[in-house]
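Structures incoming, each one as structure tokens.
Two complexes come next, and they have one chain in common, chain A, joined by chain B in the first and chain C in the second.
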Partner chain A sequence: MRFGRLAWLLMLPLAAVLGLFLVSLGALVWSSFAGADGVPKLDLYARFFARRDYVDVLVRTLWVAGLTTLVSLAIGYPVAWAVARHKGRRDWLLVLIILPWLVSVVVRTYGWIVILGNRGLLNAFLGWLGVVDTPLKLMFNTTGIVIGLVHVFCPFMILAILAVFLHLERSLEEASMSLGAGPWQTFRKVIWPLSLPGVISGTMIVYLMATGAIVTPLLLGGLRDRMLGTQIYQEMFQVFDFPRAATMAVILTATALAVVLPLGMLERRVSRNLKGAS
Partner chain B sequence: MTRRNLLAATATLAATLALATPALAQGRGEIVMGAWGGGTSATWRTGVGEPFTARTGMPVRINEWPDPEPQLRAQAANPQYNMAIATYFNAANLHRDGLLETFDAKDIPALATVPDAYVLKAPDGKVIGIPAYFQYYGIAVNTDLAKTSDFQSWNDLAAAKWKGKLSVTRPIYASTYDLVMFAKIAGGDEKNIAPGLPLMKALGANAVNVYNSMAQLNTLLTRGEVTAAPYYVTRVWGLKEQGAKNVDFVLPKEGGLMLPYLLIVPKNAKHRDAYMAFLNFQLEPQQQLKMLDLSGYLPFNSTAQLEKKDVDRIGMPLKDLLARLYQPDWEVVARTHKERIDLVEQLLSR
Partner chain C sequence: MPWTAAGRTLVAAVLLFLPAPIVIVVMSSFTARGYISFPPGELSLRWYAEFLASPDWLMSLVVSLVLAALAAAFSTLIAFLGALVFTRKRFPGAAGFETLVLLPLIFPHAALGVVMLGMAGMFGWTGRFPGLLLAHVIMTVPYAWRPIVSSLRKLDLSTEEAAMSLGARPLYVFRRVTLPLLRPGLVTALLFTFIISFDEVTVSLFLVGPDVTTLPVRIFAHIQDSGSPVIAAISTVLVALTVLVVLLLDRLIGLELFVESEQRRRPA
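Let's turn to the complex of A and B:
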């Protein structure tokens, strides 16, 4: 009995934080529907979708977030595999993976300006090698944004997949190989299916975070590369149109959840199937 | 006394002093000021804050913020600041929403040294904020990539050869500064901005990005990632003082946009005696000239005499410069702010 009461007491701070979060979320959603007279209406949503540039911003946000997620997966998956299979100590490798997080995102993004610019290190190097005559356009476009976002979010993908790999039994691969399967078949039929829960978790995390990116698109994007997170920031802190910002935030959340919720269901189904199979 | 007791007593004393010091300061009066970061806050701290404290004994605390309006609006019910440096359109917006103190001109004797054209007034004749200093808006050029003679007119920003080579400021400022100036040179003004839209659109077509901070454009200009952009003269002067040899400023032949700044006081701010004294103090010629030395902001006090080095830096006497600068009605600009931001956003996105 004493333990039960103590547990409830210990949960009070968490309940307070959750409560405040839900109240502010509710206020945000209400603000997007409430007109100036306080009567709920869909005006703000209609006005959002009536503006061609806002729809472009939304579509671009989802596209860039998707691209960032795929590239993070393409890079993160083999890195996670290499770390999991590393025979020595993994601590230093983990530190290297999370090293980008130790630097402010603004500083990191400015660093990319130095590397990716027309007069940046990469173009200077490629020019010196004779590979390019004119600088590659690596900044002020979607390419620059995706590079910057992948740098920021790839560690999340790596850690999500690594967590699964570290629990993967080596004996399963050995059993597959001993039964005559080659490396590609072993990967396709054993390793990849077993790593899916981590892949899906990493995908959800990276996609969600990429949809809300503000700083990287601001600094590395071009004139026509606005993303919705940046637009919301502008509405809140420069135009002070809180209802419009709230509307954009609800739309962004809804479109992100439209991707993430099915992925969540898929992850549960995959995990269930894997448990059943074992 | 045991060591534990001694430590506890020391900690209690330190905590009491830490809590009491602000209370003591509040009793004496103090200035708590918000200012933009970087050079602006340093200018106010060194140029005005420290001398004010030396003369009056009242402390001056300066906190940095990216923009005055969000903070002052958020704290409207209980203002923590009693002073802020702001643009005229910030002040007009905040005043319209009843968030600022206003003053009788006679309560600010130093205001007599400021030409009336630069004093922002409410419809009832009260003064909304106290002019502090001004700078102006023209074109910054990377001289490794272009010549200053390539941008003698604002219309040169539309030239096809600059496609993908220029930068433009955020819509909040592009709609307020660039669009108004473009309208003026095309026969319109801050009330009628339609004549300025073609040049705004052309600038957007040539721009490779929107710069979101002065630090960002400073980096892009000095590194040669952009060739030119409409920009603030004090920023270019600052870059030159830091050793940049490849950036220069052009005041186009049609003139530039005057960018005045003023001190505003949130409604119901604390320590009236302190802030009234500060408002007068910063207009004294000595303080005005010190701010000019520190950051290039030009004085509003007409009795503050510029030195030869300042005249050389401007390239002309102050009187001639003022004749070439356009000062719009900032109240009109503030009133139409939101719809013009939307307009510029849509224009730049095409």
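Let's turn to the complex of A and C:
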């Protein structure tokens, strides 16, 4: 169908919404630099980094997000492989991954409270077995946060890697094996390099989501083991300090992008090399 | 790949681990006890009765449903109109434009929440429905954009030309040829954005107010200050609605779509 000049009008709603988003972003960044007399200053950032507890929260955020990503990769990779190489219909396996992924984070985290709480399912079970006398502390600490975050975000990892595996011909492994490579060598030299684009994009998504989580860290980590997301939420709704929350939001975004953007470039390069080689 | 018994056990464990908390919430919602427990013990529907008797909870359910329906409709429509031009016109900065459309995806949600709160404030929509809707539209547009753009790219323009050369008018061609061919992309966009909006909680936390609260946010608030099993009953309703939409997607499009769209979900 031909489009005349008027066709550009069709783009207007989308452009308007995007423009609005950009303006709000700009306003946020601006307010994080706002000084008392309207002159841009680094005051708010200086005050953030001068506070020991805030720096601790930042470090904990990076550490928890990194750990969540690693665990998600370690358990997600074999699952993606198993689903891709499953003989027969994959539908049921996909349902087991996709349904939990789409159920609201609140509901899933609530399930973890029922499981991990002091009088929760797991502790009741361990006590019944006689393994522990006093309940294990599985919640209101970093352990709880990481378990919850891995559960919430590892489907992203599985699906990202699966997307690559589904395009991998079974004959590749067979060729490698028939040329005398053992299973381990086949994995290291053939499968792992080919799966890298999926691994990198899964890593990007999980890391990004984990740094910005609020609900899971707040419910499973409690008020003591805070992350940047929960800290922002508290500054906003308990202290009502918008500029400080804005500053933290900028710091949060910067630390996330510092990891995600280089990974994105790496991923593009890896994909290009793979395409060039084939 | 070394494939051992240990590997198989791990995979089986993960595939149990993923649905486990949801199954436990659903099962414990049928307890007759006054506190949340698993196994639930004696069964009853009292917590569902309590949910249905509470105007606050029902109101949140309605807010969530209306919000998700409107956000899905708006973001699909906006993305569709934009993508129509984007895929058929050449213009400088097209790649940059697409990056911009997908931009909300590369923000951590806690930061996105602050941005959206500032935006709602500009219009005086803090804690009000329009603010929530606008934020949800911005957040879901990328998810509508991808399936629509990919179905537009797959569209063979010669079918339109054939219809035209047979004398069909442009609008007729659009209605009878183009739209039906784009239906899978549009259905995917609508249902996917609906689910995302319906289950969204982190950004909504910043935008709800005393009069307007979505169901996930109300659940979140209640978990923090009570252990009542009514939360499990309401969570079960939320799960049921999500399952319904996923089944619909499976029927209409097939679940592999999530794997495919995942491959295209590359932030910037």
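To be clear about the criterion, the second predicted complex is superposed on the first by the 259 of 278 C-alpha atoms of A that agree within 3 Å, B and C clash if a C-alpha of one lies under 4 Å from a C-alpha of the other, contacts with A are read in each partner's own complex, and residues count from 1 in each chain.
Basically, contacts are C-beta pairs under 8 Å (C-beta built on N, C-alpha and C of every residue); 3 or more make two chains touch, one makes a residue touch a chain.
The structure presented is a predicted model; accordingly, all values stated were derived computationally and were not measured.
Of the two partner chains placed by the overlay, only chain B lies in contact with A:Arg51; chain C stays clear of it. By the touch criterion defined above, A:Val64 lies against neither chain B nor chain C after alignment on the C-alpha atoms of chain A.
When the two structures are aligned on the shared chain, A:Ile113 is found in touch with chain B and with chain C. When the shared chain is aligned, chain B comes close enough to touch A:Asp241, but chain C does not. By the touch criterion defined above, A:Leu20 lies against chain C but remains apart from chain B after alignment on the C-alpha atoms of chain A.
In the overlay built on the shared chain, the residue A:Leu219 is in contact with chain B and with chain C.
In the superposed model, more residues of chain A are touched by C than by the other of chain B and chain C.
Look at A:Val103: by the touch rule set out above, it reaches chain C but stays clear of chain B.
Once the two complexes are laid over each other on the shared chain, residue contacts for A:Val206 go to neither chain B nor chain C. In the superposition on the C-alpha atoms of chain A, the part of chain A touched by chain B in one complex and by chain C in the other spans residues 110, 113-114, 120, 218-219, 236. Contacts from chain C toward chain A in the complex involve residues 1-3, 7-8, 10-11, 14-15, 17-22, 24-25, 28, 36, 38, 77-79, 81-82, 84-86, 88-89, 100-101, 103-104, 106-119, 122, 134, 137-138, 141, 157, 160, 164, 170, 173-174, 178, 195, 198-202, 205-206, 216-217, 219-220, 223-224, 231-232, 235, 238-239, 242-243, 245-246, 250, 255-256, 258-260, 262-263, 265-268. For chain A in complex with chain B, the residues that touch the partner chain are 51-53, 56, 110, 113-114, 117-120, 139-140, 218-219, 221-224, 226, 234, 236-241. Contact residues on chain B toward chain A in their complex (touch as defined above): 66-67, 69-70, 73, 168, 170-172, 204, 207-210, 212, 216, 219-220, 223-225, 337-338, 341, 345-346, 348-350. Residues of chain A touching chain C in their complex: 1-3, 7-8, 10-11, 13-15, 17-18, 20-25, 27-28, 31, 75-76, 78-79, 81-82, 90-91, 93-115, 120-121, 151, 154-156, 159-160, 162-164, 166, 173, 183-184, 186-187, 191, 198, 201, 204-205, 208-209, 211-215, 218-219, 228-229, 232-233, 236, 242, 245-246, 249-250, 252-253, 256-257, 260-261, 264, 267.
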